[in-house]
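In the two assemblies presented below, subunit A is common to both, partnered first by subunit B and then by subunit C.
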Partner chain A sequence: MTAVLAIAYNTVREALSRRVVLLFLFGALVLIVLSPLFSFLSPREELTLLKSLGLGVIQLASMFICIVMGISLIPAEIERRTIYTVLSKPVQRYEFVLGKFLGGILTMLLNILFMGLVFFVVVAWRGTPKQALDLWKGFVMIFFQMSILVSLAIFFSVFLTPFVNFFMSLGVYIIGTLSSVTESLMKGENRTVLQKGIGAVLHYLLPNFGNFNIQNKIIHPETRIINEGVYYIQNIGYAILYIAVLLIIAVIIFDRREV
Partner chain B sequence: MRRTPLILAVLVLWALSAVLQTAIDPHRKQFEPKVQGLFGKMTGLPTEYIFGTMLGFREVVAGALWVRADSFFHEGNYDAILPIIRLVTWLDPHNLDVYSTGAWHIGYNFTDTEQRSDRRYLSAALKLLEEGVENNPDVYDIYFEMGWMWYDKIKQAHNAVQWFQKAYDFPDRPDEYSPGIPPARRHMLAHAWEKAGLIDQTLLTWQDILQKHEQYAKAHPKEFMAQVNVDVAKHNYALTELRQYNRYLKQPPDIQPPIDVKFDVKVRVVEPKIIEVSGTVDLGNYFDPQMQKMDFRPGRVDVVLRDEGYKSSILPTDEKEAGEVWRQKVFTFDVPDVTIMQEQIAIIKGKFKRKIDMSKDPMMYSFKAPRYVVTVRFNPLYAPPQTQDRIGWRGEGLTDKRYLRVDEVTTVDKDGKRYTVPVRRVRKHLLLTREQLLSGKGEATDYPVQE
Partner chain C sequence: MESAIKIEGLTKEYLNKTTGKMVRAVDDLHLEVYRGEIFGFLGPNGAGKTTTIKMLLGLIFPTKGDAWVLGKPIGDVSVKRQIAYLPESPYFYEYLTGRQVLDFYARLFGVPAGERKKKVEALLEMVGLSRDGDKTLRNYSKGMLQRIGIAQALINDPELLFLDEPTSGLDPMARIEIRDLIMRLKQQGKTVFLSSHQLLEVELICDRVSILNRGKLLKAGKLDELLPSGRVEIVAENVDDGVAEKIRALGGQVQRQNGRVVVQQPDDASVNKVVDIIRSANGIIRSLIPQRRTLEELFVSTIEEVEKK
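After this line comes the complex of A and B, so read on.
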């Protein structure tokens, strides 16, 4: 466990010093701070727009940070040959993968917390502190959504080049956000067996990132959601299961890879 | 590392995630747009809107589209607004502004060159509000908007009552960020009961409102409007009670004996698609001579022209057989290709007269039917209070030898309880032909309607 934590710690340090990650973070922070200026888009419902824009920016920036960071977590170590030093020590390969993942999600957590804090202040300023407090559910769901994305990028990184991995991760993320589309493809009327089959594969095989998009409830807090707490717990459970699946496969492949 | 147990673990975990996904799916719909296959329906939108939607900016895209709709409205490009309203409510079914303002656009703002709204769109406005209620049952707003549409636009307070009641059931909203109903908006329920002709219910409602306002004022002693609301409710309660006494209870009541309004109507076609409606509703010299000098207008008559055979209960024609043909099952902008014109004419010194031009808007007045029925009526329920002081809320103080009709107006409250009152109105139906309307010559003949 010490080895995992040490790898995670180093991963966080390294990731936070990467310019591209900081660039996305900085860009997101600027957009969040400036978001009140966009209230002209919805003058009568400024907070609706503010919350929607802020949550969207956090999600989008987190997605890019996740992918850009995730695709290089393991390949960078191989390219720099630092992996040999690590694996020559009493560190199992699964510990290495786990450490990288843990470092990745901790980096994500710090980023989301930082962006969330700034966003919290903006919403409290334009609305009320109570409305700002409502945002926490959104941050939690974005964190778990991004945790799956980090594990996906790590999974692809053990057998794809970073360039291909970038597009693969992005593509799977976009398809995964269309959960309602894949579900309707699977269950909709007037669909052929083939369409239904493709829908089912996409819906159950690919990670459903759309599950975690709960912004609408936060933007419109007056909306009553049945079993809201259960939904969040189910989503967290889903994220943990899916991350476990991806990481185990990544470990299996990485274990057989010549490094 | 042994692979087999790991592969087995992957399969088990993946199966568990699929099971969990099945449980998540029905819940997820509560957070999503209500329409399946929405992205397919967004064809035609600029790419940035579609990408924005896919990347988590659904509500931002909805807001941007809504601003676009607003600019179209100011440009007078109404046709462009309609699909945007549809898309925005799909993208963000909890955006209350789109339902309320959208329904207002559809119901009030699609007008002809003389600012008469296109009544064919009322059904679409009502359906949009119905959708708004379905998607937002936990806020008072859309219930209230629905009530307002019935009360103000359609002028059928008996249909507004149940919606205002549903809005009324919400707790008081102390500030704009809290859920609940702004206290002053409760007054609309009492006004609706009154315009439905149900005065006992009106008084009971004012009593209840007063009690609620007093409690609120006690809890918010520093809020200026809280005390104003108490004063308004007290005033309105006392005024309604006084009016009830003067109009019905004192001996002899102010509304007796009934006055003969000598109702009559003439409709002439003066130019192609231009008609002149004139007539008499002699409400007598019942008001103060000073007010007479001030050109006081004791009310308005409603005028409706529509295709013969087109009957709709949201037109002020009061035909018993007028059905629900207007009601949309699914929200659509496709309106029936019929000609409907609705107007009001002020009564001045017992007479009314007005030219109504339908020549400039062929989309609204297509005149495809061979014959048209024109109905003119005077409705005491919506008459000004000074007029009601003489004729009563329900027209008990008016009569007419030829055109008096006693309609049973039924209010169904939110619990399904029915209140039926007789309302005495004067009403006349006339007939015009397409040839007359297009040639610009001719006079409408009496149209016998079994009432």
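After this line comes the complex of A and C, so read on.
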């Protein structure tokens, strides 16, 4: 476990020193801070727009940081040959993959916390502290959504090039976010067997990112989620299970890979 | 003698993506390295040296054959507590400082925090980087990176060290320091598996060497056996042509240089006779030096011989 933590700690340090990660973070922070200025663009209530924009920015920035960071976590170590000095120490390959994943999600956690804190201050300033406090569930769900995305990028990275991985991870994220579309493709009445089959594969095999999008509930507090507690627990459980399966397959492949 | 590394029929084939053909990087290699020795692993670029080391470390997998490191089959992670690896042109995390990078490697061995700090300082001191320990590695010169590489290899006080070109990029003084360090490691009973192109260094410090070319082992053995003495050079003065003819009759090569005669005698057996002939004709012996073939000569002739075939 010491090796896993050492690799994770090093991964966070590296990720936070990458300009591209800082660029997305900085861009998101600027947009969040300036979001009150955009209220004139919409006839909607300022706070509604503010929440909508802020959560959207945090999610989008997190997604790009996740993909850009996740696709290179392992390949960069191989390309730079730093992996030689790590795997020639008493480090199992699964510990290496786990350390990289842990480092990836810790980086995401820090990013989301930082963006969330700034967003919290903006909402408290333009609305009330109570309204700002209601945002935390959204941050938690974004974090778990992004954790799946990091594991997905790591999974692809053990057998795909970073370039292909970027589009694969992005593609799966987009399809996974449109879970209602894949569900309708699977269950629609006028669909052929092939269409239904494709819909079922996409719906069940790809991660269901859409279930983590609870922005609507946060933007419109009057909206209710039936069995809200169960809903969150189920989705967090789903995220943990999905991540575990992806990482196990990634380790099996990486264990056989030459570096 | 107990073996530190035992290799039996190790073979590595890979697909050359450009030509689409299978290439044999290491071909049926048999080798044994004994505990406590410095073993020179030689060969031109592309001979399969690094591929062999990577197989021994479990970084890549052999196509055929077996190998054991400190008695454990390759791929056994537990043995990595007792071994160290310095890759050729080592690359490290350039955003870390010298201290941080050594701390990171110490963490991988689970060294407790207090001990880690002492160890890191001692290693920085040993490789002469104490004053540069807080600089990020992106500001290190090639020589400084090599020193950090050596420091990380010693972090676990290993029994067996794989050193791939350890003096590459170092200035002459630093090379001598590293050479002395390797000798000290041997005195401490450690085994060093040294891959190097610096043949003079290898000749100075290695107990045994092997020469590899195109994945095949061409020669392996003790330096004394591979580089036998026998040829003797005699320099003498006051030697006339009649004496020179007598020496030639004994198989020696005679050359006149600046009024002196230089005799190359191919073996020990006739040296005394040559000396007697020179002295009985009132010649003066100035020097008598046994000539040993250098490792460089052996290396070049071994590779050339195979390439001609």
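Rule of thumb we're sticking to: the second predicted complex is superposed on the first by the 257 of 259 C-alpha atoms of A that agree within 3 Å, B and C clash if a C-alpha of one lies under 4 Å from a C-alpha of the other, contacts with A are read in each partner's own complex, and residues count from 1 in each chain.
The working rule: a residue touches a chain if its C-beta (ideal position, glycine included) is under 8 Å from a C-beta of that chain, and two chains touch if they have at least 3 such contacts.
Keep in mind the model is a prediction, meaning the values are calculated, not measured.
Once the complexes are laid over each other on subunit A, subunit B and subunit C both fit without any clash.
Once chain A of one complex is fitted onto chain A of the other, the partner contacts of A:258 are limited to subunit C, with no touch recorded for subunit B. With both structures placed on the common chain, the touch criterion links A:3 to subunit C but leaves subunit B unconnected. After overlaying the two complexes on the shared chain, residue contacts for A:109 are found with neither subunit B nor subunit C. Vertex at subunit A: the C-alpha centres of subunit B and subunit C lie 170° apart in angle, rounded to steps of 10. Contacts of A:184 after superposition on the shared chain: subunit B is touched, whereas subunit C is not.
In the superposition on chain A, contact of A:223 is made with subunit B only, not with subunit C.
Contacts of A:17 after superposition: subunit C is touched, whereas subunit B is not reached. Once the two structures are overlaid, the count of subunit A residues touched is higher for B than for its counterpart among subunit B and subunit C. By the touch criterion defined above, A:86 lies against subunit C but remains apart from subunit B after alignment on the C-alpha atoms of chain A. In the overlay built on the shared chain, the residue A:198 is in contact with neither subunit B nor subunit C. Put simply, the nearest alpha carbons of subunit B and subunit C end up 10 Å apart when the two models share chain A.
Contacts of subunit A with subunit B, set against its contacts with subunit C after fitting on chain A, overlap at residues 92.
Those residues of subunit C lying in contact with subunit A across their complex are 54, 57-61, 77-78, 80-81, 83-85, 87, 90-93, 95-96, 104-105, 107-110, 149, 152, 156, 162.
Contact residues on subunit A toward subunit C in their complex (touch as defined above): 2-3, 5-7, 9-10, 13-14, 17, 80-92, 256, 258-259.
Those residues of subunit A that touch subunit B in the shared complex are 38, 40-45, 48-49, 51-53, 55-56, 59-60, 92-94, 127-128, 130-131, 174, 177-181, 183-184, 188, 203-204, 208, 210-211, 213-217, 219-220, 222-227, 230-231, 234-235, 237-238, 241-242, 244-245, 248-249, 251-252, 255. Listing the residues of subunit B that touch subunit A in their complex gives 1, 3, 6-7, 9-10, 13-14, 16-18, 20-21, 23-25, 27-33, 36-39, 54-60, 63-64, 66-67, 92, 94-97, 101, 136-139, 177, 179.
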